[in-house]
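Common to both upcoming complexes is chain A, partnered first by chain B, then by chain C.
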Partner chain A sequence: MQKRILIATLIGVMAMISLVFSLVGSLVYSSIPSILALKSTLFLYYLPAIYGSLVVSIVAILLAMPLATGVAIFISEYLPRKIRSIFISINDLMASFPTIIYGYWGLYELGPFLNSTLFKALNTYLGFIPLFSTQPSTGSYLLASIVLSIMISPFASSLIREVYSKIPYIVDESVYALGLGRWEVIRIKLLYSRRAILGGMTLAFGRGLGETVAVDLTVGGAFSISSSLLSPGITIPALIANQFGSAFTQLEISSLFALALLLFIIGVSFTLIAKLLILRGER
Partner chain B sequence: MRKMKAISNWLIAIIVIIFLVAGIVLYFYVKNGFQGNTTTSGSQSNTSSSNSIDVTKVSASLILGGSTFINPQMQAWIQTFSSKYPNIQVTYQSVGSGAGVNNFIKGTYDVGATDVPMPSQLWRNATNARGSVITIPDIVGGVAVIYNLPGFDSTKYGNLNLTADILSGIYLGKIQYWDDPSIKAVNPNYNFPHQRIVPVHRSDGSGTTFVFTLWLYQSSQQWKSSGVGYGYTINWPVDSMGALAGEGNDGVTAYVKQTPYSIGYVEIQYSIANNLSPAAIKNPSGNFILPTPSSVSIALSSLNISLFPKPTQDWSNLTPLLLNSESPNAYPIVTFSYLVIQENYSDLNKAIALYVFLNYIFTQGQSQGNVINGYLPLPDNVRQFVLNEIKLITYNGQQVYKMINQT
Partner chain C sequence: MKSKVIFVLTLACLLFLFFPFSWILFDLIVKGLPVILSSGINFFTGIPPIPGDGIGGIGTVIEGSLFIVSIATLISIPISLLTSIYIVMNEGKKLSRISRFLVETVLEFPTIIVGISVFMIFAVGLGLGLNGLTGAIALGIIMIPYSTVQTVENLRQAKEQYLEVGYSLGLTDSRVVRLLISEGREGVTTGILIGLAKIFGETAPLLFTTVTSFNIYLRSINSPVSGIPVLIFNYAFSPYDNWHDVAWGASLVLALIVLLLFILTRVTTRRR
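Right after this comes the complex of A and B.
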């Protein structure tokens, strides 16, 4: 019986590995023509998209991290047990919402609202900082980051909440026994779950990096690099989605695959960095 | 026990190998799979010798795909067509012109739909892969310029007038403010505010961008000498100056509507269907013309059909001939959307199904009730040309239209 289980799980693992290999293989294979054609300028050529992808997902993570952690703590520490499950299901529902809905909501509702309030204020009062130096545009890095952070924080928060709630109650009791308050309990429990927070953020970052529709609709689409978060830009997945339909020649298609490969490399290296950070934290 | 373990190790090793092989095979299958000729033909084959085949008895399936612009109209055509010929199954995949043409060349699609004729290189690839290829205009397209100018009321001040030189100045970043003297010169009735113009363009590769930039290239010396050129995707000089780019006609319209003092371009059909107020564009006769069904059809019905290429020739040079019509009331930025098909088939059912479907599109499909809101049917001269084109469809060298009995 054990053997059968072993074989059954092995089949699953092998299927997964071979799929990953064939996917990466096809990515590499298809991007060869453009890598050969552009050589070292490849990276430079796509710089606006690479820059945009990094800026949007990093800002989104910075915004999502406190949001997700805060929600997780609030749900497990302060909410009465009875209504906790309602909040948890609302949270999970948000994580499973189709991303295009977030995109259109960001474009038609959130964007115009933020443009006339927060973004305008940022530009008028903090305009001397390069980050906010341009007039708010209808689509921008910051708008995309905000929409993205709203999208990914439920995802990260449910992960954090799971780990946080698994910390034995004895920890709470011992902290209280020392005569400390709830704030200290939370701090200590956060320390316990810091790996989960980092792990959740890594997963959320991966999702944010690959997010296509919602970002495409809100980022503005301009193929340029700007230091200001309020100006429009472009991300790698948005560029691929936008250009794939009209890519006529072999080289055009191939360079889109090369972009996908770049995205894959960026994603993998960030996951590795996070893994290293977690390992270092353990020591 | 030990033996068991050895066997299970072997089993594991074999499974590992199987999956590695499966992975490699799967990869090559995916890589080459699309290139193989997919057979989507009908099950029974009609006898070819009989001189009249009952079309309603032909069963086949056709896969069309490409242009997103034609998609709503194509779906409407397919719907009415299917109710008449339930045995012929037609599907349309809205994947974009480039993918449509590439899938047609690879053999995945029976018909490719594209917003501009295939570029020469691809036309050669297509003829190499599928033999003689016919390019067929199927519906009228064009580009309308839309704007968001708070305080400007076209019922009070007249249409916003624009020229190719002004538009090229705006999209090159040389004209940056609404009160630029060149804009004032053609709109003397309105006192323009000193506000920055926000240009909006398409973020996706698009036939609309191709036609718009080709028109700028053809009509404005400034654009021509700037080196920006024309194409599906443009390296826009204004991108570094706060221009916006929206995905699809919806994306551009959303940005223009939400951004005060912005300007953008969309497909004419989209502008008509959504009641956008477009700008009037100066045509070669010096008149400022709004994009309306009549001004577009004037531009195309005055076309000299004898200048069209032969159906099986390279059509890539046709688009420039359609722009800037000399008729005094013609809108200058008009074009066609196209279908590309193979000329000769070895599958009789498919050839007949294709002929019947295309014949439907260009007869009843172009009539008032079957053209959906915003789309513009082909003018009669072009329609006649196209109906002759589809008669070229052959089954092993025999013309299909002669073989069928259409009721």
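Right after this comes the complex of A and C.
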């Protein structure tokens, strides 16, 4: 390449790389004081947020996994080509829709509806199980998980669909030639795309962990740990969103950075696992 | 029999996923549209109401969103364009692979973390303070990977078609790059539009990089400025009914902006 162009583009690359490293650097640098001062009590104190983040993301993934896979199968197996592209468009629109709107709708529409129907029923009939042992409240782990699963399923689904629909038609034909039906076709194609499903779920889990406003609006904001999915809780991003602006002491700010660092490490390791181990060469 | 079961099951998944979204769109129209209509043009130019009294408008945050997003775009375009050209023109080289990988990983960074890091580096460290520019830097950083990933994808297609043709015609490198960009310009535009759609709806990165104020029009770079999503977020936590109404109207406006950008990306991709 000509020198001028090489240098110009290199400047762009360097700007990008230095931005990334300064972001990560500031995260580490700002969290050092609190980690040194508080050591493990820091994470012990913030356990409700760590617990909440994990619970909300895990439940969301458990809900999203069948949903995303089912939608991917239905779109690529049963829909005629013309209608398929419409549904793919809607799916992609859902994936890029502002998360604040999902959150606002979750708080004022879905929440009250579920509280008077599904959540109430869960508590009344399955209340003896610790998972559903509390009365429904305005916001809860489960509500946040459901809203989150609605938000991340389209993303995971399009990842799965991309791989699933690329499986050559000869696979379908071979299975049919053996005298087997569609059920077996789908089973075999699912086997082929299991890495995409796992990878999509891992990426979606990372996204779920980092989601802030939609979860903040629906999780209830209670700084406590409860075994019941119907009780209010808090997640790391939600806690940062609520506390960072009103944090007064250096230590408090630094602690929130340490939490952010923890979230970052968990999130990035999931992303790396997905990209390096699972999705390698899939797309 | 089994084939029927799987049909029903996957259809149920589709309905379960698409029903909530239809519900959201329905609510946006049923609850948002009357609010906008009741205030008329004032909704797009006016100032938000005081608690419990009327609807007013969201002119200040529309202005704020446009302002912050424009600066963010100006920040991110050169970096993402140059990075994509480097990645595409040097495929196979180590730095090209590293930057591509880095960009794809940054895309998954939680945006609230970008927000507080930008607060630390730019607002506190470099003394920029809390203003539209700091907010724009945060959104710009979030936009870079989205546009870059898309642009790389599209420039690569243009490269396959035109690189050898360009060189065989004896064009210089700078001419070839120019050819790439002009042939892949729709791809570049798509990249920018996808990035725009992403940052228009972002709330978290603005919370700690701007001074949240919904009642002041822009005077200078240092005036308090905020975006549409931040207004929805703050009003959601308020107890006032009229603020909730305003938030529905604002949600509809935001949804229409994102929908418009989304349709534009479809148009620019289809033309290729």
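To be clear about the criterion, the second predicted complex is superposed on the first by the 247 of 283 C-alpha atoms of A that agree within 3 Å, B and C clash if a C-alpha of one lies under 4 Å from a C-alpha of the other, contacts with A are read in each partner's own complex, and residues count from 1 in each chain.
Convention: contacts are C-beta pairs under 8 Å (C-beta built on N, C-alpha and C of every residue); 3 or more make two chains touch, one makes a residue touch a chain.
Predicted, not measured: the structure shown is a model, and the values here were computed from it.
Student: So, A:11: does it touch chain B (first), chain C (second), both, or neither?
Tutor: both
Student: Touch check for A:279: first (chain B), second (chain C), both, or neither?
Tutor: A:279 contacts neither chain B nor chain C.
Student: Let me test your reading of the model: by the given contact rule, A:171 touches which partner, first (chain B), second (chain C), both or neither?
Tutor: Neither: A:171 stays clear of chain B and chain C.
Student: Just checking: does A:26 make contact with chain B only, chain C only, both, or neither of them? Give me first, second, both or neither.
Tutor: After superposition on chain A, A:26 lies in contact with both partners, chain B and chain C.
Student: Once the structures are superposed on A, label A:129 by its partner contacts, choosing first (chain B), second (chain C), both or neither.
Tutor: In the superposition, A:129 touches no partner, neither chain B nor chain C.
Student: Applying the document's definition of touching, compare chain B and chain C: which contacts more of chain A?
Tutor: C
Student: In the superposed arrangement, does A:231 touch chain B (first), chain C (second), both or neither?
Tutor: First partner only, chain B.
Student: One more residue to check, A:86. First (chain B), second (chain C), both or neither?
Tutor: A:86 contacts neither chain B nor chain C.
Student: Check the residue A:248 against both partner chains and state whether it touches chain B (first), chain C (second), both, or neither.
Tutor: first
Student: Could you say whether A:222 touches chain B, chain C, both of them, or neither, answering first, second, both or neither?
Tutor: In the superposed model, A:222 contacts chain B only, not chain C.
Student: Would you mind listing the overlap between the chain B footprint and the chain C footprint on chain A?
Tutor: Touching chain B and chain C on chain A: residues 10-11, 15, 17, 19, 22, 26, 29, 107-108, 217, 241, 244-245.
Student: Please output the residues of chain A touching chain B within their complex, sorted ascending.
Tutor: The contact residues of chain A facing chain B are 3, 6-7, 10-11, 14-15, 17-19, 21-22, 25-26, 29, 107-108, 111-112, 115, 134-135, 137-139, 216-217, 220-224, 226, 231-232, 234, 238, 241-249, 252-253.
Student: Within the complex, which stretch of chain C touches chain A?
Tutor: 2-3, 5-7, 9-14, 16-18, 20-21, 23-24, 27-28, 78-83, 85-87, 89-90, 95, 99, 101-106, 108-114, 116-118, 120-121, 125, 141, 144, 148, 172-174, 177, 194, 197-198, 200-204, 207-208, 229, 232-233, 236-237, 244, 247-248, 251, 254-255, 258-259, 262, 266
Student: Provide the residue numbers of chain A that touch chain C in the complex, in ascending order.
Tutor: Chain A reaches chain C through residues 1-2, 4-5, 8-13, 15-17, 19-20, 22-23, 26-27, 29-30, 66-71, 73-75, 77-78, 87, 89-90, 92-94, 96-105, 107-110, 150, 153-154, 157, 181-183, 186, 203, 206-207, 209-213, 217, 237, 240-241, 244-245, 256-257, 260, 263-264, 267-268, 271-272, 275.
Student: So in the complex, which bits of chain B are touching chain A?
Tutor: Where chain B meets chain A, its residues are 8, 11-12, 15-16, 18-20, 22-24, 26-27, 30-31, 68, 95-99, 101-102, 119, 121-122, 198, 203-207, 232-233, 235-236, 239-240, 242-247, 251, 254-255, 258-259, 262.
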